[in-house]
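For reference, chains read A, B, C and D in written order, and residue numbers begin at 1 within each chain.
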Amino acid sequence: MSAVSGDEARLLLIQASYFLTAFLFIMGLKRMSSPVTARSGIVWAGAGMLVATIFTLLYPGMGNYPLILGAIVVGASFAWVSGKRVAMTNMPQMIALYNGMGGGAAAAIAAVELYRGEALSRTVGTLAVVGGIIGAVSFSGSLIAFGKLQGLIKKSYRFNGQQILNLVILAAALFTGGVVATGYSMDVFHVTGIFALALLLGVTMTLPIGGADMPVVISLYNALTGLAVAFEGFVLGNAAMIIAGTVVGSAGTLLTQLMARAMNRSLGNVLFSGFGDTGGAASGGAGVTGNMKPIEAADVGVMMAFAQKVIVVPGYGMAVAQAQHKVWELCQLLIDRGVLVRFAIHPVAGRMPGHMNVLLAEAGVPYDLIADLDEINAEFETADVALIIGANDVVNPVARNDKSSPIYGMPILNADKAKNVIVIKRGQGAGFSGIENALFYLDNTRMLYGDGQAAVSQLIQAVKAV
Amino acid sequence: MSAVSGDEARLLLIQASYFLTAFLFIMGLKRMSSPVTARSGIVWAGAGMLVATIFTLLYPGMGNYPLILGAIVVGASFAWVSGKRVAMTNMPQMIALYNGMGGGAAAAIAAVELYRGEALSRTVGTLAVVGGIIGAVSFSGSLIAFGKLQGLIKKSYRFNGQQILNLVILAAALFTGGVVATGYSMDVFHVTGIFALALLLGVTMTLPIGGADMPVVISLYNALTGLAVAFEGFVLGNAAMIIAGTVVGSAGTLLTQLMARAMNRSLGNVLFSGFGDTGGAASGGAGVTGNMKPIEAADVGVMMAFAQKVIVVPGYGMAVAQAQHKVWELCQLLIDRGVLVRFAIHPVAGRMPGHMNVLLAEAGVPYDLIADLDEINAEFETADVALIIGANDVVNPVARNDKSSPIYGMPILNADKAKNVIVIKRGQGAGFSGIENALFYLDNTRMLYGDGQAAVSQLIQAVKAV
Amino acid sequence: MTGIVALYIFMLAAFTGYEVIAKVPVILHTPLMSGSNFVHGIVLVGAMVALGNATTGLEKVIGIVGVVLAAGNAAGGYVVTERMLEMFKSSGAKKRPGAH
Amino acid sequence: MTGIVALYIFMLAAFTGYEVIAKVPVILHTPLMSGSNFVHGIVLVGAMVALGNATTGLEKVIGIVGVVLAAGNAAGGYVVTERMLEMFKSSGAKKRPGAH
């Protein structure tokens, strides 16, 4: 009797710990969605994870403890070390990698349940199969996304009828899943078939998508992994998994939409067209006339030192040059001289949403100096200098007026409205979309050629010399 | 067998309908929290209520249908008619009344369960008792709030040790409830005692609170009723009640805090001090010098017709005079002349939160002309005319600088910063807080005496005559 | 419904309610208070069940009182909220020159 | 957990997730994606149970793979999120004259 009631007490304790975990997760996400509390949010969520992991070890009747602990140590230490080491610019692919691992784990749970071959109730069987498919798709899809962003997969494979192929694979996976879930046949062949097809689907879905759209795709797979975890939570009767998975599934779906909207794309577009690679410098050029006028760092230094208001527009080039610290040093000099300095951030500047914010924050720029597109666009007219550092597409005025341009319709930063525009870049290199930038040819624009970090260092000297 | 499975099918149907109801309620509240979709929100929620009510009639084993339908007709038609008839200015007390009825209904459910005298499980008994107490407090408290706002109860009864008395009553109610919930005794005496004590508590808690704080108190009782409904939902195993009640309980708690904050008060202050009646014209006057300078409607008409920007500040007096339609007519004339017109709304202008917005909306003022305190305060400096119609406390500059004033620290509209300030009021009447208003004595202020509606009509003629 | 599941539902519903309200502008405070007041009118279904299962006279009387009050909560809450929100019709169509 | 209760939990959790994110500023999109990525690392507890109850060799192997992957999701998600959010330290203290 004491054994039974001991088991019950343990189960109760586990349930209570899962309740706490669910609460901590939600509070953590809440905190993460405001800049002021964001830092503490991940700590709350982390505490929740710790609680759940420890109490799960108490499950009555469980064995294989050495395997469990060993596997945790292996997985966690690999991820911990790689996560600590990765450069900020490579964050998106690491997120993709870890997300794929989660999807794979959900698929593994489904696989264990299904390979066991015990008859599951029809509902549970269906949930296990669907969760398993979603998890496997997210696994292989995320790995492809990782490979693309990491530069391991260079080309985007695309051919006619690709969508039809995907549909066929999906149908085959669902059909095989149906055979298993209805209990018609649970043999190894069918079960393996489900996962093989799902893994294949993740690959064929993701290969055609261009690098530009990868952040959105990663976010989508993040939501899918959440859903898969929720489904497997139902299978295991595990409330923490159900709630955490569903919350992530729903939050992730919204986040995916928000990201796509920030890039002025629809989700359907991202998944089924493939903008990120259509580029090539071919399409641009129309209507762009005049020539680029270079300027010396010393002149720019004087101009900025006596300006009333300077708006800095950072872009991908700043990230490449790792110039954010120098940029902030320059801005501090200007601020000390009484110049009003603002940073204008385009939502898709750089290569991931929030990329610029992360870099500027890293350099210690207070986030009240940082304004996003809607806030700052009206202010360019009153700015004496717009200082553009390694940004290109996000300040390209053709997006406003050239209907034939591939970036037509994307909201851009109105840097061309400033009295003087200074552009720092290395040469004639195009931006991500590969088209010409009309801004560089305007009368009020001057080009300061050079690597981002070197050019800004020169500016610092120039301002100091004033 | 067919009877049993018929019952099961019905129960399933009822559960599905409750699920739909919960979904519609949440979606309705979501829509109600944005001005654009607000109107449709109540329709969604209403549809949910209808669905749940109809399907509840299908419960197997239920009787007394004539009584049920008769009671619904009586209650609903009384409320429907009174709700349709009530004037906009009397809305707060009607909300209090209907809210109290909900609390009473929750208490009635608890009473039926408890008077039945069947042994309840300890958890269920406790939930029934606590829900019953909360419901009864909300019932009698809301009725007192209704009486106060309706003018049926004029005085605020207050004496030393009131809080201690309330605590004693609460303790007695909880003790009696404990006796019942633990199953120690469920006789009529004890059960009746719980409700009698709770009803008394609602009265003694609410009587000392001043009229100014009533909107906050009503909101609090609204949250409490939600909680009571959720608890009785647990008792009945009714998921729709649990979810709707909890959602309202939590949303209402936040709303109460938001309201209190908009009035620059803490909830503790509202419940335990009683600012709304401390007033009396005694405290004011300090530092207010000079005299009030009257002006003629014709002069104001000219001034406004040739202004670039006019900011209208409505207050309680506009509500009393029902002048909102005339005000909008005047503003339309000005807009047609090219004058930039904005309405500046203080969060506690009038006698309920959003009072002015409701009135202006009633008159058809587009809500993009309406700005709240934070948005508009910087704009007064650029306004040629600030037209104050029946507002007093919300534009009183002593709140900014006179530490001894009872309204010191309340954020106010900076109407005194406008080039010209025109104040429409009937005479020397003080505002809600009963103190002098330094604004009326400023050099740039002119008084246009008269009833709100009449004065604005004169202004309309004057503008037309320009 | 087991205790722990009830707790989960309670927690999630509380979060939902809180978050839904968290963004509401001041001008909607009163209509929203009224709207949520309407929502707890769902107590009507509980009162109906209580009255429907009532057997003794006392139970019936209390049950009737409960249903009358609950129906009043629901109907009154609806009418008042609807009247208030009726006034927040979108002004997009009739935007006037003074608008910005 | 009965079906309908599971549905309720599913609905409420979905609302909660949606509403929590609904207000997030663009600058937090990536950290938040990473944070929610961490949260579904809770799949670890499921993988632990699966491995803990595994008996055949195949089950054990898949179970081990599951736990390794899940632990990677959890640990990696935490580190990466933490590193990104680390940079959003409040700037209130070091507000500079250029701020408005």
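Note that in this section a residue touches a chain if its C-beta (ideal position, glycine included) is under 8 Å from a C-beta of that chain, and two chains touch if they have at least 3 such contacts.
Here the structure is a predicted model, which is why all the values come from computation and not from measurement.
The chain with its Cα centre farthest from the Cα centre of chain C is A.
For the pairs B-D and A-D, the larger set of C-beta contacts lies at A-D. Chain A and chain B have centres, each the mean of its CA atoms, that are 43 Å apart. Centre-to-centre separation of chain A and chain C, using mean CA positions: 39 Å.
Chain centres here are Cα averages; for chain A and chain D they lie 14 Å apart. Looking at chain C, residues 1, 5, 8-9, 12-13, 15-16, 19-20, 22-23 sit in touch with two or more other chains.
For chain B, the set of residues that touch two or more other chains comprises 26, 30, 239, 243. In summary, the structure contains touching chain pairs A-C, A-D, B-C, B-D, C-D. Those residues of chain A that touch chain C in the complex are listed here as 15-16, 19, 22-23, 26, 30, 239, 243. Residues of chain B that touch chain C in their complex: 18, 21, 25-26, 28-30, 32-36, 38-39, 41-43, 45-46, 49, 52-53, 56-57, 59, 61-65, 67-68, 71-80, 82-84, 86, 88, 91-92, 94-95, 97-99, 101-102, 104-106, 108-109, 111-113, 115-116, 123, 215, 218-219, 222, 225-226, 229-230, 232-234, 236-255, 258-259, 262, 331-332, 334-336, 338-342, 345, 347, 352-355, 357-358, 361-362, 364-370, 372.
Contact residues of chain C toward chain B in the complex are 1, 3, 6, 9-10, 13-18, 20-54, 58-60, 62-91, 94-100.
Chain D meets chain B in the complex at residues 4-5, 7-8, 11-12, 15, 19. The residues of chain D lying in touch with chain C in their complex are 1-2, 5, 8-9, 12-13, 15-16, 19-20, 22-23.
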